[in-house]
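Across the two complexes that follow, subunit A remains constant while its partner is subunit B and subsequently subunit C.
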Partner chain A sequence: MAVKKVFLGEEFMPRQWYNLNADFPSPMPPPLHPGTGKPPTPEDFAPIFPMNLVEQEMTGERWVSIPDEVLGIYKIWRPSPLYRADRLEQALGCPVKIFFKHEGVSPPGSHKPNTAVPQAYYNKIFGVKRITTETGAGQWGSALAFACQLFGLECKVFMVRISFEQKPYRRLMMMTWGADCVPSPTDTTEAGRKILAKDPNSPGSLGIAISEALEMAVQREDTRYSLGSVLNHVMLHQTVIGLEAKKQLEALGVYPDVVIGCAGGGSNFAGTAFPFIADKISGREVRIVATEPTSCPTMTRGPYAYDFGDTNQTTPLLPMYTLGHDFIPAPIHAGGLRYHGMSPMVSHGVKTGLIEAQAVDQIATFEAGITFARTEGFIPAPETNHAIATVIAEARRAKEEGKEKVILFNWSGHGLVDLAAYDAYLSGRLTSYSLPDDEIERALKAIEGLPKIA
Partner chain B sequence: MPHRAFDKIEVRCPQLGGPVNFGYCRTLRNGLPCSRALVCFELKFPVARYFQLVLREETFRDCFAEAFPGRYELFLQRVTEAKEDAREG
Partner chain C sequence: MAVKKVFLGEEFMPRQWYNLNADFPSPMPPPLHPGTGKPPTPEDFAPIFPMNLVEQEMTGERWVSIPDEVLGIYKIWRPSPLYRADRLEQALGCPVKIFFKHEGVSPPGSHKPNTAVPQAYYNKIFGVKRITTETGAGQWGSALAFACQLFGLECKVFMVRISFEQKPYRRLMMMTWGADCVPSPTDTTEAGRKILAKDPNSPGSLGIAISEALEMAVQREDTRYSLGSVLNHVMLHQTVIGLEAKKQLEALGVYPDVVIGCAGGGSNFAGTAFPFIADKISGREVRIVATEPTSCPTMTRGPYAYDFGDTNQTTPLLPMYTLGHDFIPAPIHAGGLRYHGMSPMVSHGVKTGLIEAQAVDQIATFEAGITFARTEGFIPAPETNHAIATVIAEARRAKEEGKEKVILFNWSGHGLVDLAAYDAYLSGRLTSYSLPDDEIERALKAIEGLPKIA
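Moving on, here comes the complex of A and B:
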């Protein structure tokens, strides 16, 4: 009987996180502060983060030790199992072996606590009493609430109001773990009051919630802020995923041909892929694929970019724009991840050719998620479905090419608190077009000739 | 108002992880659209054409140009603003 899952003993848990910044063939250009045009300094991050995390943010060390206290908490769910998706393989009928890291086993149900826990720890030993953050759907907020509770820290979560109202279960998780979760904008910060003065019914935004969380952190000596993605130290912490996966695959005597992850802010993708990118840099043949969550698939015609560098070009290159109803979703292409939402480390990986970037349309992701749930049983988070859709596409490509492949992907979280998204798909509300063409044309004609609004 | 013709069209926001309508997205940034609006609504209606009709050319570019600050850079900017606001307060 084939092995279904590989457990790694606690004694074999990674004792260090891996920092890809130490191994990039060309140094990652530092992000530039928009105000100064210069790379950030440790002072830029104080008093937002404790200095121990600022050091990690800026380190060039290849390995960073995982504190025993963090390992002790990680053991609640780590090492996470590596599964063989043999039932999915059978359903696809392609010459592939598909493995996935099941990050849904953590108490919050996703990969997020892999960084929430160390962040809470480092804040605690720095003497911080309270951590603030923002959250949209609540995955990050709930992970931080969980971590803060375990270290005896207060946790204040500014949840975008529109999400606060849509996602009662996530905020209840946060409250169960002792966090104070409030709908942003609030009247407890200057940033929130300014917005409410203009619009008392503001639905909020991530930008406003971040501003509120930062304001509180800056104004209180005993308070710091925490972010669940994008930053280097977050990517670092998440590498526990890929480091475990390597050991688990080694136990089976296999190595992946393709490593796939969904990349929103980049953390779960980075965590899975970065340890394998290290091998790639050393000459190992392995493809690393990041799937961007986007509602819009693209064709394979060319870069998917809004390019205003050419002064003669006044409209963006949008290969999708003219496709209309006859559009047949092509499997996956993107000229690059939309870098403005992405971790600099992941963006650099894409720009230097270490990482391939792809995009999948929303309908295909839910089709993939349903296929996965109906074969392997677990119901994925909608974000995870992007990775699964790419896995399925890779499997089909393997069949077309007549090549056997080993595919590893990160099952970044379960969808049990996000079933409303499945409801929208299953009830047909996620269809591509919501208005008939003639109605769209009439609406656009009515706007033509009107004064521009901004 | 003609500009609101598409406001009720919904997509799943990849950043918020839940449904949002176009009315929310087209005014997200102090009355200007979210920089992802073209990507997110492209399958729903000719969203680029809509914004070219309602926004001046330079505003359209400012909203959607690839040179828009990355999330890391935006975060740095917000940190600086929070610190400056705290000093003034």
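Moving on, here comes the complex of A and C:
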């Protein structure tokens, strides 16, 4: 019988995270302090992040050791299985072998705890007692709630009010793990009160929620803030995905021709792809593809420019593909891909030609997700469906070109608490989104006065 | 670093199911045809089940081969991991080693596909095109929808109307896997129309839904009915759980002092426990404990008697612990444990002293579930919380007695689509249920005229 999945024993878990910043052929442009126009110092970050994470954010070391305490928690679901999608292959009838890394096996059901756990750990040993964060659909908030609970930290999550009301299940996951999850805007922060004064019924936004979480973090000495994507140390932590996948594919004697991931802030994509990009830089032939939604086409239609990470312009300026910090993406079901920018590391990879970017409409992504669920069984998250749509397109291309191909993609999480989205698709209520040029132009006015990347 | 979980390679998957009926020291009493008062013949079952499953229901063979096509689907999630609950052990501070079999890794999130897959397979090769079934909370319906999709069968699920409305997520899982899930009672069957004529707003019941599914199954030659628990062949299929667990514990060099599972119809409990009961019959010292809810105390407060499997008295008479086929359990969140009877095989085990039965109140089960989620990470299903409550009680007893103990239990499924129940518990809205003696006496009137077990 053909092998369906490859597990690695816990003794083969990676002991170090991989840092692509050590290997980029040309270095990334630095972030800039919006006030001074110069790269921020570690001290600039001190009120927000614990210093051990700030050091990781800035390190140029190729390998960063994973602490034993983090490995001890990783073992709950890692190494995650690598699957052969043979039933999907048969349904497609294309000359491809498709493998996927199943990150849905973690307790919160996605790749997010790969970074939530080390972030909670580093905060804990730095003496932090409470972590604040924001969350949209709730994948990140639930992962951080889980991690904080295991390390005995308080966790305060500002959840965008409209998601808080529409997506009760991820909020309940956070409660079950002991986190305090509140609908943002709240009247407990100045940022929140300012919004509520203007609009008492504000549905909230990720930008507002970030502002509330940041404000609360800097108020108390025992509190820090945590971010679930975009930053370098988040990309670093996620590389366990790709490092494991390489070992697992090696055990099967295969190497991928194409590596695919969906990208919102960039973390699950980076975690899967960066260890393979290291090979590509060393001369190995491998294509690396990042898929984003057509409704939020950061990499495919945005400029590579300095921009703020949040709507309220409180973060350092980051060098990234961006649609402008004022850009409000359409309400697609893949909430994790609704971000105006893209991780600076992923952006640098795209800019330097290491990474190809593609955009897919949400109707096509759910068609792909249904095909996957009905062949492989597991129901993917709406975000993951973007990667699957690209996998299916690559498989069909292989057939047209008459070439055999090995495809690896990251199955970033399950869709069991996103089933309302499938309901919308199956009953024909799902909307397609195309974004007119003038809307992008309008949004990009927000970055007109900012420094340009040299 | 201590081992957290044990995977078996797919090559170590059991190739045969284990049939406890070959080893019971005294044979089970037979089922009885309600009309003739004699054991039913295979032909009596022919309109309802395909003959290959009827043969399995009646077989006395100790080992039954698992077809390659079933193994091919089992591989999607089997062998399931065996976990060491070391973080729970530390929190309890008792002299125990706790292991659990994680059945939540299947696509529908529970142990149910262990039997849904072979049932779909045997129906398929028998020439059946469509399977009907009923479901309460939706665990079984979603498992059968998944299995039917993979074998290209139509699946029609009658879901108790009140659950259909209150628990949309499992219904959406069924839709995603292509099943037709309708709220019962419907106007498409005589049984449904009869109920609707009396009460157009009937909330439905499992008994009504079974009647509808049975009626539709016997109407068409290409259709059969499928049941997710209670019957012998269902217990048989579930033994992959215990067979794998034995190999995994063996790899760690341990054998359990106690094996624990929750029991509604009995299938996840039987699947875990029966391979260990075989050892017990051979003289090995091991305690086997089945946990049920205090609100539906079949084994702990019901008589061992012949009774119908359904409310409408359409099934053969089964020898089992029962509260009477009219008994309507309180609306606890563990919907999978709300059944008036108990699998004849499990009942026979209890009657002959091989199995101990315990009952736990739902408040205690959610307290246990929260303790588990906050130590081990994974959020258990409300049903699974019953097993966990017993595990914790056993651990505390070990401490009182000053004895070291190895405990194995079955983590039958995750609670990600049952989070509303956790919300009710955490916000103090959960109800405790004690069942007055006279209520049981009243319910047992339903079996007064039926034949007695010799």
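Methods note: the second predicted complex is superposed on the first by the 381 of 454 C-alpha atoms of A that agree within 3 Å, B and C clash if a C-alpha of one lies under 4 Å from a C-alpha of the other, contacts with A are read in each partner's own complex, and residues count from 1 in each chain.
As a working rule, a residue touches a chain if its C-beta (ideal position, glycine included) is under 8 Å from a C-beta of that chain, and two chains touch if they have at least 3 such contacts.
As the structure is a computational prediction, the values presented were derived from the model and not from experiment.
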Could you look at A:5 and tell me whether it touches subunit B, subunit C, both or neither (first, second, both, neither)? second
In the overlaid three-chain picture, which partner chain does A:267 touch, first (subunit B) or second (subunit C), both, or neither? neither
Does the superposition put A:107 against subunit B (first), subunit C (second), both, or neither? second
Contacts of A:374 with subunit B and subunit C, given as first, second, both or neither: second
If we overlay the two complexes on their shared chain A, which of subunit B and subunit C does A:238 touch? Say first, second, both or neither. neither
Taking the superposition as given, does A:440 touch the first partner, subunit B, the second, subunit C, both, or neither? first
Touching partner for A:21 - first (subunit B), second (subunit C), both, neither: neither
Contacts of A:417 with subunit B and subunit C, given as first, second, both or neither: second
What's your read, subunit B or subunit C touching more residues of subunit A? B
Under the contact definition given at the top, report the residues of subunit A touching subunit B in one complex and subunit C in the other. 420
Which residues of subunit B touch subunit A once you look at their complex with the stated criterion? 2-3, 5-6, 9-20, 24, 28-29, 31-32, 35-36, 38-46, 48-50, 52-57, 59, 61, 64-83, 85-86, 89
Subunit A contact footprint on subunit C (complex, rising order): 1, 3-5, 7, 9-10, 68, 71-72, 75-77, 87, 105, 107, 109, 146, 149-150, 168-169, 172-173, 175-178, 370, 373-379, 416-417, 419-420, 422-423, 426
Where on subunit A is subunit B touching in the complex? 31-35, 40, 44-45, 48, 136-139, 160, 162-163, 166-167, 190-191, 203, 205-207, 210-211, 214-215, 217-219, 227, 230-231, 264-265, 293-297, 305-308, 314-316, 318, 320-321, 327, 338-344, 347, 361-362, 382-383, 418, 420-421, 424, 429-430, 432-435, 440, 443-444, 446-448, 450, 452-454
